[in-house]
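Take a look at the structures listed below.
Shared between the two complexes below is subunit A, which pairs with subunit B and subunit C, respectively.
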Partner chain A sequence: MAAMDEVRTHFSSYPDYVNQQVQIATETFTITGLKSLINFPQTIYMVRDSLLTASINKLELVEVFAGLGQTVPAETTGLISEILDGMLIAMHNASGICVSIYPVPQPNSRPISMPIMENNVGGGNSAFNENLEANIILLRSHLNTSDLQMKNYVMGNLVKSNVVVCYMESLIDKQMLGNLTHKLESKQSTDISNIKELSSVLEFSNFSLVTHYMTYELPQNAAKALKDGKAVLFQERLPFAIVLPSLISDLFVTEDDTNHPPIYTWLLRSLRLIGLLTTLIVPGLYVALVSVNPDVLRFELAHSIARSRLDVPYPAIVEALLLLIIMELIMEAIIRLPSSIGPTVTMVGGIVLGQAVVDAKLVSNLLIIIVAAATIANAAVVGFRNSYALRLLKYLLLFLAAFLGVLGLLTGLVIICAYVAGIRTLGVPYLQLIKPKGE
Partner chain B sequence: MSKNLEVSATYVMTHLGLIFFLYPLDIIESTNESHWIPVIAGFLFHLLIISMYLKGLSYFKGQNIVDILLKKNKVLAWVVLFPALLYLAWIIVLAVRAFAEVLSIVFLSNTPLWVLMLLLLIVPGFMTFHGKIGGLLRLSVLLSFLFIIPVVFVMVTSFQNIDWHYLFPLWPGHGAFTFLTLPPFYKSLFAYTGGFLLLGFLPSYANFKPKAIFLGCLVLLPTYLISVYIPVLTLGEETARRLQFPYLLVVDTIEINWLMFDRINIFLLLSLVAFTMFFIAVTLWQILIIIRLGVIDISPNFLIPIILLCTFIACLFIPDWKTADLLFQWNIPLRMYVSIVTPIFVLTMGWLHARKTKLGLNNS
Partner chain C sequence: MILRILTAVLMMTLLSGCWDNKDINHRALPIAMGISYQEGNYEVFLDIPKVTEKNEGIQVISAKGDTISSAIDHISMNLEDQVDLLHLKVIIVDKAFATRGLDEITASIIRSRQVSPKTMFVICDEPLNRFFERINNPSNGDGNEIYDFFQKNAGWNPEIAYTPVWKLFRGIHSYTNDVVLPIIQSGHSTAIQSVGAGILKNGKMVERLTNEQTLLYNVFDGNSMQGKIEVMGKATVQIVNSRIRNQSRFVSQKPELNSKLYLKVIVMDAIGNPSMEEIKTELQGLLQRVLNEIFNKIQRVQADIFGIGQHFRDNLSRDELAQWRTEYLPQVKIKLEVHTIIRNTGNLKLPE
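And now, the complex of A and B:
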């Protein structure tokens, strides 16, 4: 009884705290919980109904009551944490037995709906959302097998949040799984509310340019990853599955491809590869060919490029940087703008980048084409996390090309290759195609 | 886990970077006609040493050559390891210096040589430092995926201006094997012996079948032949002999109407830069292993910069191409020693080791 009073004082300032007495026959029960998390009318009806039936049938009321949920010790902190987790706490006043009942919850997230970041053409369209249970339901419906294992980790001391690790027992690389669970277990006291904190728990380098994990909104992608022997993490309140580790093939391959005839699958994948190379190379190639190695080009072409840059008063690298940065700004600005203003930016950007800047003799015609090609190609790779890496790395090639021409371009490519070849996630090398394996 | 693809890609890659520059001229200088005989002779020599080497290594599952040698007899081990170390250091210096020269001739005539040399050292240093051997092995696959296509493209297009008559006579009138007496032939062996030592330095998890290596060699054979025969078939033997880099010059004369580039050899050269950087990185790795296991275990964080710095200083002391060429010549005895003694030594030790274990088994 004392514990219940303490709980009541703890929650006394909460506007959504409910503490209610229910009288069944001669027995009194106290029912408490947070109405923001629990649908109270329905839950109380549920509880009362079973108790009333029991009393009419002359059954032992207290036993039926204890069977409604899980008996918990009447101890203040335990009760408070149960209530905050969204459970209904009921107490039999005479005996002091406390039961934690799974209630009818208040809906706390959007229903399962279309993906926002991840469009697909050929496959299903239900996407993960912020609700952990809903995500697990979706995943299970795609992978109906007993091989699918799930482990829940409650992370954090101050703020608790759940992280669910899913994997296929028979397919996953045991060493990687060991690494993953060890890291989660050893840092269970770390608060996790965003991916950065999760990354620091998993000890990913802060300076890594290539993403160590992929995020998928579509359950079929997560299911495919599981079948390939990867691990899928769900973090509470994040509307996507985090797939570990990411491999280089994640740049080119999505599960959606397999819904097309195989020829198109491979054509689409090669297209993405071309996109990757284009976005990396083209801006650098422009700078290299214009400012360092014009002799590599055919004379006619070199001549026409030189003519288009006749009035441009600064070196090619400055010109390219100018336009590329404007492009980056547009891409960044459009993310946060309300959809009613977005088109304005697109239009203004289109005019500025399209005609005016050329007419004003600030940049050459050709560069507009280059920047457009690089930006479009950048979007061709799978996953926006991967496109970030490409957006950055193209500047490495740009600067090297400005220093050393085509040789710099090549050096940049080799450096990127070497970088990619050396990356490991949880002991698994990044440069693999389908199944992640340790060394 | 089997790493056949990675190991054989590494093997092919390390050799490809060496073939197209000095090798054609050395072969052309070593004989007047039927150039295929010295090419095949060199190739057979190459097959012989790697099969001995691989056979020897196969007696010690999953150990690298430094461990194998040092476990037996320290003095004998250093008889093999010290020349190997010296040889590896020597070829890094030569590769960097020579390649910087080529780059400066072909496309960066205004850039000072030391910048190019620094580039050719820092990038391989990064490869080795960041990737370790696992990263290098994976890198070989990625690089071959990206750069084999341009190389093959150039090799195919280089047939553009050939005259098949220069192919004859297939068998020389007299003295078919006089090339064996001339130094250029031994110089040309550089293209065969540059990378084979690596096979002994792979870590235990990189298992591979010897078959994969021999397949890799088979891929290389046409490359050796093409690099020699294209200049000969295009220009004739007499003219080809006068050029410093005959193959590169021939590629420079190719014209393809539909391509926006005027100089095809840029594709070849850039790919070769990538392969050479890879070759340097792999050689750096071998030096690293010898020093760390054999001499003193310093962290690579310090060792790699130290090696790079020493190499860079050594490169700076080579003033011109003539000196570099001279160093190539002086390198011949050492190269022959390393490429003949090491495999034989490893094979003998492996054989003794196998006999000992067999005796041990019989006794127990």
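And now, the complex of A and C:
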């Protein structure tokens, strides 16, 4: 009784706290919970119904009551924690037995719907959402096998959140799994509410340019990753699956490809490779050809570029930076804008600004084409997390090209290859193409 | 680590000399350079397409100097842009200069690496100032004629010799290779007209070929590319395929070359209904006669434009090779056989 009173005082200022007495025959029960998490009318109906049936059939009421859920010790902190987890706490007033009942929950998430960040052409369209259970349902329906293992980790001291690790027992790289579980277990007291905190638990470098994990909204992509021997993490309230580790092939390969005939699969993948190279190289190539090595161009092209750059007051590198930064601003602004205004900004940015900037002789015509090509090509790569790396690395090539011309471009590519070759995620090299066969 | 990266970045910026880079619109990109030589003085002409919005033709700039580079420096000094010879496609020299010898300028081009070794060498049959004045005439077109004239994908014809700088350089330094350079002059109805080719021995012009002879030289050199030959007022044939086989041997200390030239031709037009056999014999006779003329010519001036000496390289020691042009070339017996196949599936039906 005392514990229940303390719980009531703790929650007294909560507007959604419900404390209700239910009288069945001669017994009185106290039912408490948070109505923001529990659908109260239905839950009370559920509890009352079974108790009334029991009393009519002259069964031992207290025993039936204890069977409604899980008996928990009547101590304040335990009860508060159960209530915050969204459980219904019922207490038999006479005996003081406390039972934690799984209630009809209040819907706290959108229904399973279309993906927002990922589009696909050939496959299913239900996407993960913020609800952990719904995500697991989706994954299970795509991968109905007993080989699929799931482990739940409750992370955090102050704020608790669930992280579910899924993997295929027979396929996963054991060493990688060991690294992953060890890191999660040893840092279980860390609060996790965003991906950065999860990254720090998994000890990814803060200065890493290339992403260590992929995020997928579509369950088929997550299922494919599991079949490839990767681990899939679900974090509560994040509407996507986090796939570990991320490899270079994730830039080009998506599960959606396999819904097309094989020739098109490979053509699409090569197209993405071309996109990757285009977005990395083209702005640098422009600067290299225009200011350092114009001898590489055919004469006609050199002449027409020279004509298009007439009256442009800056060196090519400044010109390119100017337009690239405007492009980055447009891309960033479109995320912030409400979808009703977005198209307007795209039009103003793309057409009006582009034309005006050429007319004003601030940049050359060719550069507009170059920047457009680079931006479009950037989007051809799979996964927006990967495109961040490309967006940044193209500036490295741009500066190297401005210093050393075509040679600088090559140097930059070598630097990028060397950097990428050095990256490891949970012990798996980023450039791993074929999984080594285990002993 | 950070220190190392910073050092690398610093060194890259300081050592690359990137502040000397000039953007493409601040460089004058001449497509043709004319060099004339008069009494120890060079006069250099640069043919620079104007970089303006409307694409208004070309600009010819000339300067005089003791050396070619001093003349170019003089132009660069007076021009608002920096002269950049990287896009130079054609170097035109006058006859006086070609006769005096192109070895020095070729060496300086190859060594300076300012000019691409693929640049063409051309001899001009008239004074250069007049030539440049005439081709600069705006009625001719956009000013790129001199460039297009020698482009294989544009105005080049198999009647025109095709010799880039590196071949000339090779010819100067090799015992067994000489080159021919095209000879042009400003035309009457077109901007430029071809007037044959000049034979250069060790970089000095010694003899000339006519347009027709140049075509056959190109055929023999495996460079025929759809050339058309007129056969003694009877027909015109187009060469569609040519192949040559050479056999070299020494017969009693004298070099002997047996050449078989296989030609596939199609008949373009015929006058007075000649038979295939007639055209064939006429064509073979014509080819043999003209090629023998050329052979006689090169033996007289001792310039090995066909690279005949190449076939005897393994029979001669290095010292003997040095004597190739003077000792052996005039003695070479060249037996030429021409085999022709008329592929008359083309434009005309002829009686068998």
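Just so it is clear, the second predicted complex is superposed on the first by the 430 of 439 C-alpha atoms of A that agree within 3 Å, B and C clash if a C-alpha of one lies under 4 Å from a C-alpha of the other, contacts with A are read in each partner's own complex, and residues count from 1 in each chain.
One rule holds in what follows: a residue touches a chain if its C-beta (ideal position, glycine included) is under 8 Å from a C-beta of that chain, and two chains touch if they have at least 3 such contacts.
Predicted model only: the values in this text are computed from it and were never measured.
S.K.: Evaluate whether subunit B and subunit C can sit on subunit A together after superposition, giving fit or clash.
M.R.: fit
S.K.: Is A:L329 in contact with subunit B, with subunit C, with both, or with neither (first, second, both, neither)?
M.R.: A:L329: touches no partner chain.
S.K.: Who does A:P429 touch here: subunit B (first), subunit C (second), both, or neither?
M.R.: In the superposition, A:P429 touches subunit B alone.
S.K.: With both complexes superposed on chain A, which partner does A:A418 reach: first (subunit B), second (subunit C), both or neither?
M.R.: first
S.K.: Roughly what angle, nearest 10 degrees, sits at the C-alpha centre of subunit A between those of subunit B and subunit C?
M.R.: 40
S.K.: One more residue to check, A:R307. First (subunit B), second (subunit C), both or neither?
M.R.: The second partner, subunit C, only.
S.K.: A:F299 contacts which: subunit B (first), subunit C (second), both, neither?
M.R.: Both partners, subunit B and subunit C.
S.K.: Please work out whether A:V290 is in contact with subunit B alone, subunit C alone, both, or neither, and reply first, second, both or neither.
M.R.: The answer is second: A:V290 touches subunit C but not subunit B.
S.K.: Is A:V406 contacted by the first partner subunit B, the second partner subunit C, both or neither?
M.R.: first
S.K.: Can you report the least C-alpha distance between subunit B and subunit C in the superposed arrangement, rounded to whole Å?
M.R.: Superposed on chain A, the two chains' closest C-alpha atoms are separated by 5 Å.
S.K.: Once the complexes are superposed, what residues of subunit A are shared between the subunit B interface and the subunit C interface?
M.R.: In subunit A, positions 292, 295, 299, 404-405 sit in both the subunit B and subunit C interfaces.
S.K.: Show which residues of subunit A lie in contact with subunit C when the two form their complex.
M.R.: Within the complex, subunit A contacts subunit C at residues 289-292, 294-295, 299-300, 302-303, 305-307, 309-310, 312, 315-316, 400, 402-405, 408.
S.K.: What residues on subunit C touch subunit A, complex-wise?
M.R.: Residues of subunit C touching subunit A: 12-13, 16, 18, 21-25, 27, 29, 31, 49, 51-53, 55, 84, 86-87, 89, 116, 144, 147.
S.K.: For subunit A, which residues are in contact with subunit B within the complex?
M.R.: 292-293, 295-299, 301, 404-407, 410-411, 413-415, 417-422, 429, 431, 437, 439
S.K.: Inside the complex, what are the residues of subunit B that reach subunit A?
M.R.: Where subunit B meets subunit A, its residues are 1, 103, 107-108, 111, 119, 123, 126-127, 130-132, 134-136, 138-139, 141-143, 146, 205, 259-263, 266, 270, 273-274, 277-278, 281.
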